[in-house]
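Below are two complexes that have subunit A in common, paired first with subunit B and then with subunit C.
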Partner chain A sequence: MTAIGAKPAAGAAMDIPSTIAGIILLLVIVGATYFLVGAGMMFYALIGVIVGGLLIAFGVHFVPVGGAPAAMGQAPGIATGVAMLAAGAGLAGLFGGAWAAEQGLVVAVITGAVGGGLMMAITCMFVTFIYVFGMGIPCASGKVAKDPITGDTQTEYKSQGTEGHGLPFVSYVGGVIGGLLGGGGGTLIYIMLLDVYKEALPGMMKALPAQVLPIAVSLAGIFAVGMFLVNAVLTAYNITGTIEGPHDPKFKRFPRALVASAVASALCGMVAILIVAM
Partner chain B sequence: MESIVFGIGITALAGALATVAGAAENTESDIGSQGDPNSQVQLAPQMGYIHRIFNKAIAGEPPAYGLWVALGAGLAWAFMAMQINPILAIVLGSALAVFVQGVYATTAYLGRIASLSKFGQPVFIDVLKSMTTVTMAHAFVAIFTTVTICHLINAALGHPFPLPLLGLVWGIALGAAGSATGNPFYGKERQYQTQKFGAGVPIAASGNIVRYAEAGERNSLDNGWFSAKLGGPASGLCFGLIVFLELWRTVIFEKIGAGWGAIVVGIIIILVFTVIDRYIEVWARKNYGPYGEPAKEGS
Partner chain C sequence: MTVKVEVVEGGIPHNTIMAAGLVASVIFIYLTYANVLTGTQLFSFFGGLAAVAAITWGSHTIKHLCSYGIGTGVPSAGMMAFGSGVIAMLFATKFGVASPIVAVVLAAIIGAVLGFLSNNVLNMRIPVMIQSLTEMAIIGALVLMGFAAMISGSFEFNPLTAGSVTILGLSLPSYQASFIGSSLIAVAFMLGGIAVQHPFNACLGPNWTQDRMLTLAQECGFLSMITAAVMSMVFLSFSAALVSVIVALVGWYYTYTKYIELSKRDAAAWLDAKPIPELEGH
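Up next, the complex of A and B:
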């Protein structure tokens, strides 16, 4: 089966038993961490990690991804995978955020967000450039008759036998918002874990803070990359294939991804914190 | 002042290297047919169209490049720890990573094509022999330049991440930028060259890729030659701008307003690209189409 044949199977409905089970699991993990490390900095780091994971999962829903059909101009969006593109943007943001980590939490998270948004802005602009000047194809959404931001009508620019093509302006804006949220979320996870490791590692390894700093940075960095991928892939499963951006009906599925992402981030965060706390 | 000039020089060099990396990455992935358009290369024999196109899409470009660049960077880092000159260390690390890419390409081609045997698609050993080395050569250029960027960022600009982690981050970003920009050009313009220019490929035509060249059957080297004309350079420009502008806004403006300078400049750059994107979109709407009547409200 090709990706074109993969029609959305389910709507935005929440599965109540699964949601309740997810929330209970989340509370158990948060409670267990509270029991093990107390109400200190490490516990707040876990909360930060969960918030970062939620930002990533929410942000991935904004990224217009067309997958294989987009590569043939058969469907709108960027011609690559959901998790892949979001990871590329989010990690570019994490790179910027980690650089600004010394300037405080707020500046670093916003720097990371802008880094992710910048990567998506440039990439989306080049996607439009290739479609228009390389392939002679205008942008047309397949899901809405009018662009919700510019009001441009879409259907008459769709070529025959396709679901639309290129990146309508609303998809471009969605891509930039996705990059902003992903970059900010990834940086938040990194900074939270970096603080935990900077605090705990010197005592654990009986070394000076300056000596353990490279280890703390590496550990926090690799955990942030890992958690980013966990949340991006989880969300990709929720989207199932392709999404055009915030105007796509599939966007309404995001609450399900948020519950799943909160549980996954809490579990990953607990492991990341307990390796130095126990 | 001197440090800022030095930073600008490093930023410009990194941007230039990234441009080469993006172009090589996209050409490599198109010769190896690794991006999303490969769905059609995989589909074609199932629709009865036997071809001689390489096929190694067992992983997306971003994770594959994440692996190869992180491997190259990790090995270069290990060689540098052994007191080997950084340039030699980066060359050696990238060369070893390219061997992993070669093993990946070979096994991926054999596995993917063998899976199509029930549709009558043969495994062409001459395709394997002639294409694999070409993808490896392009991959070397992409990996070497990206590892060099990471080394410059780490050693000259002082980014806190160690070299292998920077390799993973920028390898994934390289694959994401290259596949996003270059894939449609290879997928639509090259594989479906017989379809109408200026229109998407009708879904009914799926699998009917172009299989014959000016002389004989088309192979993946022809595809590399074609995509190196626009898809490759555009991917290169895209990744080059990402690396250059990200470093530039940090190196020059980070000191202004305790980090807020870089943020404001970043937002301005995003807005500039938004305006350019909108201009291109409107230009296309004025010059191409409309192809039919606008839909009625509520339809």
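Up next, the complex of A and C:
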């Protein structure tokens, strides 16, 4: 096998023993947190963090990540990597949600989701402008014969020797759904950690709640950013870099990413909560 | 099934760089503790040197990992390093003088779990995955702790969260005027994250040479250190911040001229580049 033929390694199959080991690890972490902090607000915050991580991991699967081949017009999707796209859409959502943090969990999470979805919608629109009017390529998927939403045929528009190009309609919709889920998940992690820190920091630092609010916001923010990036990159490893959207066969790999992201979020969330609980 | 598409030929072996980076970084972070022992802030610049040492090690770890073609782009490795490193670093600051050691151990645990998840649960099957992600998490934690020690003069939780503002000659305690309270940690996160992923991203390819990439890593580290030194003027005395700025500028100038030299050396060399090169970086 030459170096040129060496594709990224991940096979499509699930490794059952490792998955079971991962689930056991998840239960051990959740159990250890329950043992250390009891069934209070902090334990529910950990559950919220895990749910947020799952939303991010599931959401990234919808985003049409094209990478370098898309930049050369040889594959469909947005022409950059997962780390950049996730940081753009997810953090835009997180900042949006953080503005609404005072208005309660539901409003804040929905605001975060709308922020992430809006960011992806704008990104996808300008990407399509540049593909169509700048590079002069039509939008065509290489993975399906017909667009699952509009029913338009794709093969006539696909150039020889490429895997499709541009941003088909279904990828656009996938991008917006991914932004919604990612922004909502990131905001959920932020709100959960912010509540824990607002509750615990005044006692720990012996100061008034208003005085330590900047510390609580900053800690919750940087932890949310860190967990967002960890979940996004784990998902990027799962899809080996590029995906066309929800119609791509690689989308079916998402159960693996959910297990990995639950374990990673639980571990990071436990450490983030123990910083004030210990 | 993975094929390693690029091999390290000659140069310093990875394990030597790893050991040197880890030891140098931890020792430099501990040298900032001389601030507490001597009662000055002049030793803060050692934090920046710790970050440079860890970034140099990190660029080689990224090369080690990304030469297997992980398919997600080089920047994702830097983001992963700091995403997991920041969590370990912030928790470790609670342990006082033992913070750097706790940061290394905790980051190693988090990194090993993430490596297991990527390699086994996500079925990546890359031989160096677990080791590399463990190293990356430690690097992220050490770089952040180095910058924290450099900007605020300490690596412990209380000095990092409590600062003071002077109003009309009165010094008042303020949590907002601190490394974490003012969210300077987010700036340090990006300064380190970009510095650690850029060198391999810029130097990869058939004419990759180890000394050129490591010099670029040091240059990126010192460039981030200049920014961190400017930010440290808020928290440290003027003389201490000035020492940091001078050290960073001198280090940056030296590594930058050396990098340009090495680039000219490599650019002038004739390469037997076939139409489709067999040795392809990723």
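Keep in mind that, in the parts below, the second predicted complex is superposed on the first by the 266 of 278 C-alpha atoms of A that agree within 3 Å, B and C clash if a C-alpha of one lies under 4 Å from a C-alpha of the other, contacts with A are read in each partner's own complex, and residues count from 1 in each chain.
Just so we're on the same page, a residue touches a chain if its C-beta (ideal position, glycine included) is under 8 Å from a C-beta of that chain, and two chains touch if they have at least 3 such contacts.
Treat the numbers as computed from the prediction; the structure is a model and nothing was measured.
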{"item": "Side-by-side fit of subunit B and subunit C on subunit A, or clash", "value": "clash"}
{"item": "Partner touching more residues of subunit A, whether subunit B or subunit C", "value": "B"}
{"item": "First, second, both or neither for A:F95, with subunit B first and subunit C second", "value": "first"}
{"item": "Partner chain(s) touched by A:L118 [first = subunit B, second = subunit C, both, neither]", "value": "first"}
{"item": "Which superposed partner A:V233 touches (first subunit B, second subunit C, both, neither)", "value": "second"}
{"item": "Touching partner for A:I222 - first (subunit B), second (subunit C), both, neither", "value": "both"}
{"item": "Which superposed partner A:I110 touches (first subunit B, second subunit C, both, neither)", "value": "first"}
{"item": "Subunit A residues contacted in one complex by subunit B, in the other by subunit C", "value": "2-4, 67-68, 81, 84, 87, 214, 217-218, 221-222, 225"}
{"item": "Touching residues on subunit A, where the partner in the complex is subunit B", "value": "2-4, 67-74, 78-81, 84-85, 87-89, 91-92, 94-96, 98-101, 103-104, 107-108, 110-111, 114-115, 117-119, 121-139, 145, 150, 152-169, 172-173, 176, 214, 217-218, 221-222, 225"}
{"item": "Residue ranges of subunit B touching subunit A (in the complex, touch as defined)", "value": "35-37, 39-40, 43, 60-63, 159-162, 165-166, 168-170, 172-173, 175-177, 179-189, 191-192, 196-206, 230-231, 234-235, 237-238, 241-242, 245-246, 249-250, 254, 258-260, 262-263, 266-267, 269-270, 273-274, 276-278, 280-281, 283-285, 288-295, 297, 299"}
{"item": "Complex contacts: residues of subunit C adjacent to subunit A", "value": "1-3, 5-6, 68-73, 75-77, 79-80, 82-84, 86-88, 90-91, 94, 106, 110, 113-114, 116-118, 120-126, 158, 161-162, 175-176, 178, 180-183, 185-186, 189, 276, 278-280"}
{"item": "Subunit A residues within the subunit C interface of the complex", "value": "1-11, 13-15, 18-19, 21-22, 25, 67-68, 81-84, 87, 205, 207, 211-212, 214-215, 217-219, 221-223, 225-230, 232-234, 236-238, 240-242, 256-257, 259-260, 263-264, 267-268, 271-272, 274-275, 278"}
